[in-house]
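Please find one structure pasted underneath; my questions will follow.
We call the chains A, B, C and D, going by the order they appear; numbering starts again at 1 in every chain.
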Amino acid sequence: MSINNEEFRPQIVAFCCNWCSYAGADLAGSSRLAYPADVKIIRVPCSCRVNPMFILRAFEKGADGVIICGCHPGDCHYSTGNYYARRRMTLLFSMLDYVGIERGRTRVEWVSAAEGVKFSQTMNEFVETIRGLGKNVRLGDLRCKK
Amino acid sequence: MCDCNCHQNYNLDTLVPMVGIVTDIRQETPDVKTFRVNAPEGGKLFEHKPGQCAMVSVPGVGEAMFSITSSPTNKEYQEFSIKKCGVLTDYLHDLQVGDEIMVRGPYGNNFPVDTELKGKNLLFVAGGIGLAPLRSVINYVLDNRDDYGTVDIVYGSRSADDLVQLKEIQEVWMKAKDTNVYLTIDRPQEGWDGHVGFVPSYLSELELSTDKTVLVCGPPIMIKFVLGALTEMGFSKEQAYTTLELRMKCGVGKCGRCNIGSKYVCKDGPVFRCDEVDELPNEY
Amino acid sequence: MQEIISRLEQLFAEGKINRVLGWKKGDLAYNPEVSYFESAEALKDFVYDGFCGANLSKYMIQGSALEGVTAILLKPCDTYSFNQLIKEHRVDREKVYIIGIGCKGKLNIETIKAMGIKGITGIKGAEIDCACDELTVETLYGDKKVAYKDAMLERCHVCKGKEHMIYDELLLESADTLDGDRFAGVDAIEALSPEEKFEFFRKELSKCIRCNACRNVCPACSCRKCVFDSNKFDSEQKANVDPFNESMFHIIRAFHVAGRCTDCGECSRVCPQGIPLHLFNRKFIKDINEYYGDFIAGENAEEKGPLTNFTLDDMEASERR
Amino acid sequence: MVKIKRENLAELYKLISAEKSLFVPAKKAGQTNYALYGADTEVDLDTLKTVKSAKELFFPQSETLYNVKTVDNKYTVTQAELQNEEFVVFGIRGCDLKGIEVLDKVFLSDPVDSFYKARRENGITVALSCNEPEESCFCTVFGVDPADAKGDITATLCGEYLYMKANTEKGEKLLSDCASLTEAADESEVADEKAKIAEILKKLPYANLSLEGWDGTVTEEKFNSPVWEELYKPCLACGTCTFVCPTCQCYDIKDYKTANGIQKYRCWDSCMYSDFTMMAHGNNRTSQLQRFRQRFMHKLVYFPANNDGMYSCVGCGRCVDKCPASANIIKVIKAFSKEVD
C-alpha cells in the first residue's frame, strides 16, 4: 500500500471585478495579508461579465472551487451589473447543486477595494471549505491532465 | 482514384500527420506567403504529382487542405502558397522559419501531365492565389520542356501587388523556351505598364489559337467567365481542366463533406475536366 | 377536425390567409409531420389528433419571412411560446393569424412502445373528435387497449391550463388533463445527496448522443447562431471523448433559456434517448418562482423576464435553500 | 447447431466476458443501447432496435486518433492504439449487420482506415434473429433476412432456447469455447419460428416499398426535383437521424487541448448541421433544403453510384422511429414515387 503524504491543495478560481474586488485583492497583497497561493485570480471588468460557461470551464479544467467577487450591491461601477450577476449566479449555483456539485464549491462574495482583510479571510475560509470537500471529480474533463 | 503512392509512404494511419519544418517563408503579396517545408531529417516529406494537395495542420488551431505549389521535379522540398483568410491561415502567417507544422498527404488526383497533356500545347489561366496549383504543373512542364508543345500563361490579379511568384515568373517562366506569359491586373495602377482588365476579357483579346489544352484555376466567378470566354473562342469543354475546392476533414473520401454529387473533391478531384464538372449537380 | 378544415377553407376563400401552418397525415398511425398548406385543396391531407404534439411556434420564425399571412394552429401551451417569440421580436405578429385550438392531451408513441407494444399498424381513439378514454392499438401481434391518460406526454399530466394566451380566434373544446405535480420530479432530486444527484444525471446524460434535437426544437433557442456552433470553442455541438461536455451542454442550454422557457416540454418529447430534459428547465423555473416571485414565461408578450430584471434586495446566492 | 436454455444465458455472458470484452444490448435509464457487459448489466434482448445502432462498436461516436505532445514548440506524434483484442458483439440484428457491410465499403476501401479495420478484424458478431419485426422495419426491401442474419454466429430465440449456428471460423471458435454450456440441436427446431417471422415480414406496412427509380444514375433528375422543397420543411436540422443510422459514416476531426499538447479525436458528424461544409471562404450548402437533399441523395443515389448499386440504407427504420419531426427516408422515397405517377 502506498501512502500519499502529499497534502491536498485545492485549485481555486476567483473571478474578481476590476473595480472593487481586484483592488481588494491588491490591498490584501500590499497589506501582506496571507491567503493561499492556490487561488487563481481572473480579473473581469464586472462581476456580470462572468458567463456561466466560464464557471463550468474552470471546473472542466480542474478547478476544485469557483468564487465570484464583485462590488457590494449598490456600488457597481456600471451601476447595476452586480445585481444581474447576483440573480444569475444564484440560479446557476443552485443548478450545479442540483446536478451534484456540492454547494460549498461555489460562492459569491462582495468585496470592496477597501476590504483587503475581508478578501484574505474569504479566500482562507473558501480554501478550507474546499479542502474539506476534497477534489472535484464530478465536473472535470479527464483529458485535461494528460 | 489516384495512382500515387500517397498514404503508403509510412506505416501509420493516413489520418495521422507527419511533422514538417518550415525552412523558408517568402512574403509574396500583402496576404500571401509561400512556405517551404522539409522533413525534420531533411529532404521532402513525400513525393507528389502536380495538382495534388496536402493537409496542413497546427495542433490546437486547425487543419486544412492546401495545394502543393512546388513541382515534383523539385527534389529538395515542398512549397505551399497560403493566403491569409481564416483561423488556421492567420496562425500560419505568424510562423517563423524553423517552426514545426504537421502535414499529411498527398491527397487527390493530379493534372494528367503524363497522359493527356503530353505533347500538347498548353494554356494556363490563373487568377490570384489560383496560381498555386498551376505553378506546380508549369514548373513540371518547364523542367520536362521537350515533352510538351508551346506554353502560354495568362495570369491576373486584383493589383500588381497581388501577383504571387512574380520573381519566378519574370526570371524563369518569361525566359523559358516557347513560353509566353501574359500578366494583367484588375484596375490601373501607378507604375504598372502591363495590361489592365479582368482575366476573361484579356483572354478574349489575346486571340490564341484553339489547338491548346487549357488549365484554369482561380476564384469560382473567374473560372465561370473564363470558361465562357473559351467557349466563345472555339475551345471545347473537353480541352479544359480546372480544380475545385470544398470543405474537407479527412482528405480520403470518407468523412463525407466535400462531395458534389457522387464525386469527392478530395479523392476524385481536385482536378476535373470541365465537361465532367458540367455533369455534377450545381452545389459548389 | 372537420370543423378546423371548414374554417380554414373559409379563411382561404375570404382571402384572409395565404397559407396554413399545421400538421399533415403521416404514413403510420402516429407520425404526422409539420407542413405548410398553400391552398384549400391541400388541406385534404390535414390532420389534428392526439399525436400532433409538435409546437408550431418556432416554425413561424421562418414563416415570418414568407409573403402574406400564415394561419397557425396553436394549442394552449404553444401560445406561451408564441408570446415569448413575439417578446423577443423573432416572429412578426402582423403576418400570423392565430387559431387557438383545443387540446385533450397529447400522446407519446414512445410511452406506448415502452409498454411493450410492438408492430403498431393502427391506433383508434386518438382522433380529436373522439371522446374516448381508451386507445385501441392495432398491432401485428393483436389488438391492445391503453388508457388515453397512460399514453400521454409527461407535460400533459402537469398541464399549465387550457387557456390560450394569444389568439385571433378559438376552435374546438379542450379537456382537462392535469393530474400531477409539476415540480415533484425536481423535489425528488433535490432531496438526494450530492452523490446520488450526480449518479442520477450521469446515468441520464450518458445516453445523450449530441444530436441537438432538444436545442433545435426549442422555441426559446432561437439564436441565429448557437454558441455551441461556434468553432472558437472547445466543446462544439458534437460528441467529445469525455462525458463532461454533455453536462456542460445541457446545463448551459437550460441556463440560456432560463426565464424564457415556457416549459412546453418539447425537449423531452423529441429526445431520441428519452432523457427527461425538462428536469433542468423546471429546476430553473422553480428557483425563479421561489426566489423572485411567480413568473410564467409567455403569459404575455410585454413583461420583463426574471433574468433581465432585478430588485435591490434580491437574495444572495448564499441564502438560497 | 447448438442450443442453450434462455435461463442460462447469464452463464453464457459470464463465460464469454471472462475471456473477451462482451457487448450486449443493455437497458439503462429506460433506453436500450449497446454496452460492455458487467455484473450489473441489464441485458435486453427483447427490444428490437437499440437507439444507437451497433455501428458505434466498430466506428465509435468519438475516438482518439493521435496525441501530439508539444515541448519547446517541437511536436511528437503518437498514434492511438488500435484495437488488438478480440471482442464479441452479442445480439446484433440483421439490419445493423448489413449496415456494417455498408461501412466496410467506405472504411475498408483504399486507403484503409486502420482504426476501423482493427475493430472489424477483432470483432465477433453474434447475430440475433428478429422474432417480432416492427412496423417501422423495412430491411427486406434491402435484401436483409432478419430471420437468418449472417453474423459470425446466427442466433435465434425460440421457445425456451437460444439456438446458435456458426457461420465463420471465428464463430466456430467462440461456440467451441462455450461448449460446456450448450447442447446439440437440429436446424429443424427453428424452422417454425423462421416461417412465422417470414409471415410477419410480409404483413409489415413498408414491406412493399419500391425503390424503383433510385440508382446511381439519376443524380440530375432527383437533385433538381421540386419535391425536396416540400419534404425538407419539417426538418429541424438536428442530427438524430444521422446518429441513430447504422450507415451514416460522416465524421469530423477535432482538437482538444490537454495540459501538455493536443488530443486529436474524431467524432460523428451530421450533414444536417449548418457548419458541416462551412469553410473560411464560405459554405456550399447554405440552406436546410440542400443539407436535407444531400443526406437522402447520398443514401439512395451517390452511394450506389460509387458502390456497384449498393444503397446506403438498410431499412432498420430507426429514423422512422426517432425523427422528432417525422420526416424520414420512407417519406422521401414515397414522395418521389408519387411524383412519377
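In the analysis below, a residue touches a chain if its C-beta (ideal position, glycine included) is under 8 Å from a C-beta of that chain, and two chains touch if they have at least 3 such contacts.
Please read all numbers here as calculations on a predicted model, not as lab measurements.
Chemist: Higher C-beta contact count, A-C or C-D?
Modeler: When C-D is set beside A-C, the one with more contacts is C-D.
Chemist: Which chain's C-alpha centroid is most distant from that of chain D?
Modeler: A
Chemist: At what distance in angstrom does the C-alpha mean of chain C lie from that of chain A?
Modeler: Between these chains, centre-to-centre, one finds 37 Å.
Chemist: Could you please state the distance in Å, as a whole number, between where the Cα atoms of chain C are centred and where those of chain D are centred?
Modeler: Chain C and chain D have C-alpha centres separated by 30 Å.
Chemist: Please compute the C-alpha centroid of chain B, do the same for chain D, then give the distance between them in whole Å.
Modeler: Chain B and chain D have C-alpha centres separated by 39 Å.
Chemist: Averaging only over C-alpha atoms, locate the centres of chain A and chain B and give their separation in whole Å.
Modeler: Centre separation, chain A to chain B: 53 Å.
Chemist: Specify, in ascending order, the residues of chain C that touch 2 or more different other chains.
Modeler: Residues 231, 241.
Chemist: Please set out, as single numbers or ranges, the residues of chain D touching at least two other chains.
Modeler: Each of 252, 256-257, 261, 263, 269, 278 in chain D touches at least two other chains.
Chemist: Specify, in ascending order, the residues of chain B that touch 2 or more different other chains.
Modeler: 87
Chemist: Spell out the residues on chain D that touch chain A in their complex, using ranges where they run on.
Modeler: Those residues of chain D that touch chain A are 67, 256, 258-261, 263.
Chemist: Touching residues of chain C toward chain A in the complex: what are they?
Modeler: Going through chain C, the ones touching chain A are 186, 189-190, 194-201, 227, 241-242, 244-245, 247-248, 251-252, 254-255, 258, 280, 283-284, 287-288, 291-292, 306-312, 314-318, 320.
Chemist: Show me the residue ranges of chain C that touch chain D in the complex, using the header's touch definition.
Modeler: So the residues of chain C in touch with chain D come to 26-28, 31-36, 54, 114, 116, 118-121, 139-141, 203-204, 206-207, 209-213, 215-217, 229, 231, 234, 236-241, 269-270, 272-275.
Chemist: Can you tell me which positions in chain A touch chain D when the two form their complex?
Modeler: Where chain A meets chain D, its residues are 143-146.
Chemist: Which positions of chain B touch chain D when the two form their complex?
Modeler: The contact residues of chain B facing chain D are 1, 6-8, 12-19, 59-64, 85-89, 99-100, 102, 246-247, 249-250, 252, 254-262, 279, 281, 283-284.
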